[in-house]
Amino acid sequence: MGKVGIVGYGCHLPRHRIKVEEIAKVWGADAPSYKKGLMLREKSVPPPDCDTITLSVEATKNALRRAGGINTAEIGAIYIGSESHPYAVKPSGVTVAEAIGATPNIHCADFEFACKAGSEAMFVCLGLVKAGEVKYGLAIGGDTSQGAPGDALEYSAAAGAAAFIMGTENLVAESIDTFSYMTDTPDFWRREYEFYPQHAGRYTGEPAYFKHTCGAAEGMMKKVGMKPSDFTYAVFHQPNGKFPQRAGKMLGFTKEQMEPGWLSPTLGNTYSGASPIGLTSTLDVAKPGDTILMVSYGSGSGSDGFVWKVTDRIDEVRDKAVRTRKLLDENLIYIDYGTYAKFRHKIKKNA
Amino acid sequence: MYSARDWREYPRRYRLEAGKCKKCGKIEFPTRLVCSKCGAREFETEMLPDTGKVLTYTVIRTAPSQFTDIAPYAIAIAELTNGVKLTAQLVDCDVDKIKVGDEVRIEFRRVQTDAHSGILSYGYKFVPKWY
Amino acid sequence: MRDVAVVGVGMTKFGEIWDSSLRDLYVEAALGAIENSGVDHIDSMIIGCMSGGLFVGQEHLGSMLADYLGIKHLPASRVESACASGGLAFRHALIEVASGMSDIVMAGGVEKMNDISGDGATFALATAADQEYEVFHGATFPGLYALMAVAHMEKYGTTRDMLAAVAVKNHDNGALNPNAQYPFKITMDTVKSSVMIADPLRILDCSPITDGAAAVILTTVDIAKKLGKPYVKITGSGHATDTIALHSRDDMTTIKATTVAADKALKMAGKTIKDVNFAEVHDCFTIAELVVMESLGLYAPGKAGEAVLNGETALNGKFPINTSGGLKSKGHPVGATGVAQIVEIFKQLTGVAENGRQLKSNPKVGLAQNMGGSGGSSLVHILEVA
């Protein structure tokens, strides 16, 4: 079996940010304890003209820049994983495919599995490429997720997207193996026609995030016969700053290993974009030969594990598009809660 | 609301496809059937570049109803690096600090939303070129 | 081609005319023109109306207005060129008489803009711009003229005060016009502190939403003489289009369509712009008046603003512009505007402009400049004393 992996990767984040203090002020909450408890300072906010589709298009353009001149007509599949697809019926993928000139010979469907829909898309694209069904598969994880007003998740629900073009040649990072761990776990959900999701409080921790993240991580490492110290980097799903740090520690990873892929303290939770975006920021600094463990988590619940090995091509390719940390840290526009509520359609208006 | 009209515009709105006159080289955006410079009728597809400079701009403070969520918003006429001029919103910036000559880049954005249940219209907008 | 004259004019009050429908307004103006002219019949009628369809759901205006004017089987057409619809109606009426096809033709214009919501009116007006490449992106009418203003200010140093001076002068004149929508003076400060619409244009830089109608009767000079009433000769007519989108123009700080139309009109009249004594121009926004002054060749590019500040275009100035109050003070019922300009020039040339608005300088040659959209079309007419 030949090699498969990432030919091009890209990320896109909106410019706007809101600080924890701004949100806490409105709900009479204690900002310092939220910041400490969640290890979170601020999050990204999509303005009204940014949605999962627009973020996905820009992330894909960055991936195409790094893929170095592939013919988009040869992309045989596009899957976007999100919990905030702009349409309930009409796939986000068709618009992205149209925008990059990949139509009409292309497979497409939208994916949903809470925060791991993006990594699921990555898994499927790797499989299609491996099977020889498509020359390139485009997998995107992106969201402009909603947090219920006054709820803990309002502090972290953020926006962003990461795109990966999977193929067999000119790889930037090779996929060594994958492993999935999934059960029926009702920790966080959104019923049809509901605007905001709901969650089961502390139950979202140990029986949900940690059980599946660690289950997938351990299963992945066992499958490839590696231990934490064998990896250069580790990227975990990051619903806040604290959970991935704790999971990493529990599994035996160091802060240094997780550092490049740990963005949530100033990004928030980009849901289906979370661990995929963490992977892009890790690739931005990785060197040839580095290995990366990536473990996503999606409520409901499940985790997808990946082991990536960075190739020589990373040095030539990483700066062909903007680095994730630059999008995260620079040229930011801070907004107040009123603007945030307007942007996120939380204000009731006449039809 | 305008499914057919939106769909017909995708090559321009989504991909910035222009037409280059085979006879005189003029780049028409949108593509046309007749070259506005030499009158010839044959064109080849040319993709527009995604960066340019602001030629003029304004800030719309009294917005039409479909744009009240983003008011005040700026619109600009920018000249792309190949000389083609376009009108579009200029977003992600302080509307009071825009200057003629500012460098811009094109990004894919949602331009209009047809109320709660209608179709979504995507297209190009300008953002400041900060990298 | 026969020599053509304007022998009578009529117009309604311009404003928010709640009691009058579109047909009421038109008939009122039309009857006024017929009475003023002394004709006992008309051969045909050309109506300028930008969008009866979008404003009141009514098309087929030729049929409806001939019907309501009580003239059975009258040939009647409606022409459209956005805000230049009135000027276009006038031109087509001129062509019909000059060609010998008809002897007496009415050119009328009407717009009923207040039956629809503000948003609806904005939408209807925006149809004058490029729907897919300007309006789709959020460019509004004031927005397009604001883009022009910023470009003009950047290129020539035109100032905020120069724009305000246009509005103040037009209100000075409109205060004397019994048909004006806003017949009162305003100050520079009031203009400069009014609510911002699209930087730098504030609400008092913009012409209003107006209901109104105007009509004029055209006939041959021979018939005009026989009627024995005051008449005015139409000596020049010019019409030109330009790109619909502002960004496609060669120069966004001038209205080429007006320059080309004016050249044609002046050539036809055997005159230069220096022979013209006064003008009614299309001040849909204050910047438009400045740009048109330059496009007509009255002032060098970039110099119009200074001239307005110096009072050169005031009622008692060197070259009075918009003695009627212009679109700003008189109002802008879109399709009627081009015809209302002719009404004012007729009054000035025949010495009957009301309330002290009459030019004391004994004008002989007047010019009407009408344009559509952001300059996508323009009509220029030259009229002279008999």
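By written order: A, B and C. Residues from 1 in each chain.
By our rule, a residue touches a chain if its C-beta (ideal position, glycine included) is under 8 Å from a C-beta of that chain, and two chains touch if they have at least 3 such contacts.
Computed from a predicted model, the values in this text were never measured in an experiment.
J.: Between the chains shown, work out who touches whom and classify the graph as line, ring, star, complete or other.
T.: line
J.: Whose C-alpha centre lies nearest the centre of all protein C-alpha atoms?
T.: Central by C-alpha mean position: chain B.
J.: Report, in whole Å, the distance between the mean C-alpha point of chain B and the mean C-alpha point of chain C.
T.: 32
J.: Indicate the whole-number Å distance between the mean C-alpha point of chain A and the mean C-alpha point of chain B.
T.: 30
J.: For chain A versus chain C, what separation do you get between their C-alpha means, in angstrom?
T.: Centres of chain A and chain C (C-alpha means) sit 59 Å apart.
J.: If you look at chain C, which of its residues touch at least two other chains?
T.: In chain C, no residue touches two or more other chains.
J.: If you look at chain B, which of its residues touch at least two other chains?
T.: 89, 111, 125
J.: So which stretches of chain A touch two or more other chains?
T.: Correct list: empty.
J.: State the interface residues of chain C toward chain B in the complex, per the touch definition above.
T.: Residue positions touching the partner: 119, 122-123, 126, 130, 132-134, 136-140, 142-143, 146-151, 154, 195-201, 203, 243, 245-248, 252.
J.: Could you pull out which chain A residues touch chain B in their complex?
T.: Result: residues 15, 47-51, 53-54, 57-58, 61, 86-87, 95, 98-101, 322, 326, 330-331, 333, 342-343, 351 of chain A touch chain B.
J.: Where on chain B is chain A touching in the complex?
T.: 10, 14-15, 69-70, 89, 91-92, 107-111, 113, 115-116, 120, 122, 125, 128, 130-131
J.: Touching chain C in the complex: which residues of chain B?
T.: Per the touch definition, chain B meets chain C at residues 5, 9, 12, 30, 36, 55-65, 67, 73, 75-77, 85-89, 95, 100, 111-112, 121, 123, 125.
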